[in-house]
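Following this message is one structure expressed as structure tokens.
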């Protein structure tokens, strides 16, 4: 485990752990999608990334439209409830700003790939894909025969990204991170990656973590960098902190459909901002309106 | 999902869901081992069971010595910190009270078998057993070749017990069960089984479960019977409720080493008791001394 | 209390009909939009013990607002359980726990195969669609599959351009031969009628009120089978419509 | 502040020597008893950033009492993380995160193979031992393995009766040929001396104070290699002994 100080700015975390050509995962299923990290990657103008996510969502639409991406590995590429991802479409259909390659699975396939990666298994077996055309267009979906029953199952290869970026509600300075609400594949992504950046709404004392150890999803011993970034997921959300900005997801349809408006968005909200703190103050009241109400759980007893 | 009332006595749960010849798992790694269930199985004189656990522990030593068991599937058979399990030894070495068969894995192998079972996969791959003599004596440990890298890995077959019995700190009447502290393979065992009995220290209103949904380890939809059994794990423990009775584990060495004393124990503490409630009052102050202190965690906010 | 006045939308009818097909105590893999409305309607009427599982990991959700996305925070608060997506796909879906999976599709064909990947050729598509998400595994693993889809000649071709989520592939025996655990699509509900499958092929079993066989034929890309016992779909009741409009989707986002 | 008075037990020396071999920041897979004491001693002295992982799922434990069992509740309270055993074995151990695994054994042989299964024949054993537990996978997967074991001629045979947990199997190349991820046993600490491995074979590298080569030879089942650079094991310091006796194992349960 790395022993020196892991607490750093997003600028420093991205410049240390995201390099041109890297395989990157920024996970979070609807919940805890770290837009702050993507914006910093765009600001640092990383190129030729292979970006992997179950749902590319707006976050990868932005990375693709900003020219950071060479290859997309995914399972569902839409703007949830609000249409297509137009920057992705432009890249695929017209090579704007650059052509990208697609590598396509289903959700279960992506979950299985990250689980294999986290387990340092070379593949993961699943009962899937028979009768589907997906294996026909993706030669990395193969089959394997059970040595006990003779059944043929599907197999997908491990996914071990160079760096995973996972957002958490809270973490201590060593990266022990606690998450509640939807868990997605945050744990699997962090364990699968060679390097992990934990971004947290709050940096808390180690005692807060130790008070409820079953809540820890990601242990500090696999974490390389810890970034404190309040509102770091907007327009995604953080349960107990702020709601999803559903209006922005709808607006994105118009923004991303038009290259000019897309670039204006990047100019104003990404390149025009030094960091997430500036984004938050630039957004002002529109973020404050999203702040979560209070719905506390009851404590449990860890005594013996 | 079963819709009629699942709340019942241990007597009823065992008579419905544990039959002669069944494959049974009562899990819990040191923590949450449901002795109340084993005692009821002994009282109902079930026979020819195949019993599976990572650590047979005192609980299966008692089942074996009481003549309930035909086959033991396990990975570590000792009295933790206090020597061998003598009833198990007598059965293996002298066929007392009856001979039993052994099927032996390592912990990882047992975890993998239950994970495959829970996933309805026929096998689970793991990077293990090369160079060990275990596969030589257990033909159910096989190998499989990765279709991507060509590596040879170990494979173990799924374990799908007829019935799993898992203890939880609390559950609602539909069997939604919350566990904290050590989790062992409780979740995997419950999902792998055809039937699941949840035993809980406390039956709580559904609202208590819904207040902290991330704490739910076992959903009611896979649960057939719910039994309320305070102190149901003694001499094992339940975090936040009572401590492990380490003295009893040490005493067991002497009790189990001697058939006469073993049988006296069964007479007094199992056959002599109508149910767990009677056991608890029979034990009296010795249990009260184990009651847990208070070490509450902080609540988290589920608001949005 | 049925109404035969045309005071309901096609979406409302589709939601009501889907809701009626759900049985009490079943475990349903739910999507956002019409499937979510159908399940929540069923929970208030014919299937109060229905358990809703969302692919995002929320189990037994009781959302206090209409969820906009599959990962809406209202699906978490006050749910019975939240688990990882590994658990959802491995233990719930592959674990044979899902009685009914809901699917939607840009294209559905004669054999119930669904396409949400591409219109046209995969390498150079006319339209690139979002892809599988969880649909492929739901189609293969859920015990029964309900499809809700608007029907046009283009969306109901004889063969889909790409099988994202297999139905009966090319006929009745394919699923068994391919070793698919689930029974496949059992019902397709469109804006025109309801379909079931016979020998793996789609068959119209009921026509919606005020819809005609001609409309069905005009909007189907093959010579569709008609059930000899063809009925008229029951119109939404006032009770169903009231719950839908005044409790479940008050701002008419989906209906 | 070393002491050369014989005022320490063999167990105390073994614990102190094991603790010294741990490096700050390493992640250790710990067992109950002497390994637990060694790790907690190292955390107080040479390796404050050592991370303890117990097979029961407790990570970063700071037990307020001496844990009696691998699943003691004191390992949970105030730990950094508690995870399932699937996570421990798949993500931590198989996931290459464990720098040092501790093993004990009823028998250890010339090539560092450990037996905790049977003495004698597997089908009709002279003594049935508890079996592998997590030992087999620790031996195969941990980056380095430390063995703490009392040494007698019977417990140090040339070949173990049963390889529960492979060391170098039958020589230096076996691990690589068999595709084992970990480097195998790197140190064996007994009541007589410390051993390392050269070409996959055990070699005495230091003799404990007041122990002799004759004792070692009498208590080893083969003609054991002696390092040309044989040293004397450093005796426990007063500081080490004070922490062990007055903080870690106050009732002398293991020392």
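Going in written order, the chains are labelled A, B, C and D, and every chain counts its residues from 1.
Definition applied: a contact is a pair of C-beta atoms (placed from the backbone, for glycine too) under 8 Å apart; a residue touches a chain by one contact, two chains touch by 3 or more.
Since the structure is predicted, the reported quantities are computational estimates derived from the model, not experimental observations.
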Joint neighbours of chain D and chain C, given as chain labels: A, B
Third chains touching both chain C and chain A: B
Which of A-D and B-D has more C-beta contact pairs: B-D
Rounded Å distance, chain A centre to chain B centre (Cα mean): 37
Distance between chain centroids, defined by C-alpha means - chain B, chain D (Å): 29
Averaged-CA centre spacing for the pair chain C and chain B, given as whole angstrom: 40
Residues of chain B engaged with two or more neighbouring chains: 120-121, 126-127, 151, 180-181, 183, 187, 211, 214, 237, 239, 243, 292, 295, 302-304
Residues within chain D bordering two or more other chains: 58, 73, 76-77, 82-83, 90, 94, 181
Chain contact topology (line, ring, star, complete or other): other
Chains touching one another, given as label pairs in label order: A-B, A-C, A-D, B-C, B-D
Chain D residues within the chain A interface of the complex: 24-27, 49, 51, 58-60, 62, 73-74, 76-83, 87, 90-91, 94-97, 181
Residues of chain A touching chain C in the complex: 29-31, 54-55, 74-78, 80-81, 84, 89, 92-93, 104-108, 111-112, 115, 126-134, 137, 151-152, 180-185, 187-188, 237, 239, 243-244, 246, 249, 292, 295
Interfacial residue positions of chain A with respect to chain B in the complex: 120-123, 125-127, 140, 142-144, 146-149, 151, 153, 155, 157, 169, 178, 180-181, 183, 208, 211-212, 214-215, 237, 239-241, 243, 292-304
Chain B-touching residues of chain D, taken from the complex the two chains share: 32-33, 55-58, 68-73, 76-77, 82-86, 89-90, 93-94, 113, 117, 122, 128, 130-137, 139-141, 162-166, 169, 174-175, 178-181
Contacting residues of chain A [partner chain D, same complex]: 1-3, 118-121, 176, 187, 191, 206, 209-211, 213-214, 216, 219-222, 302-304
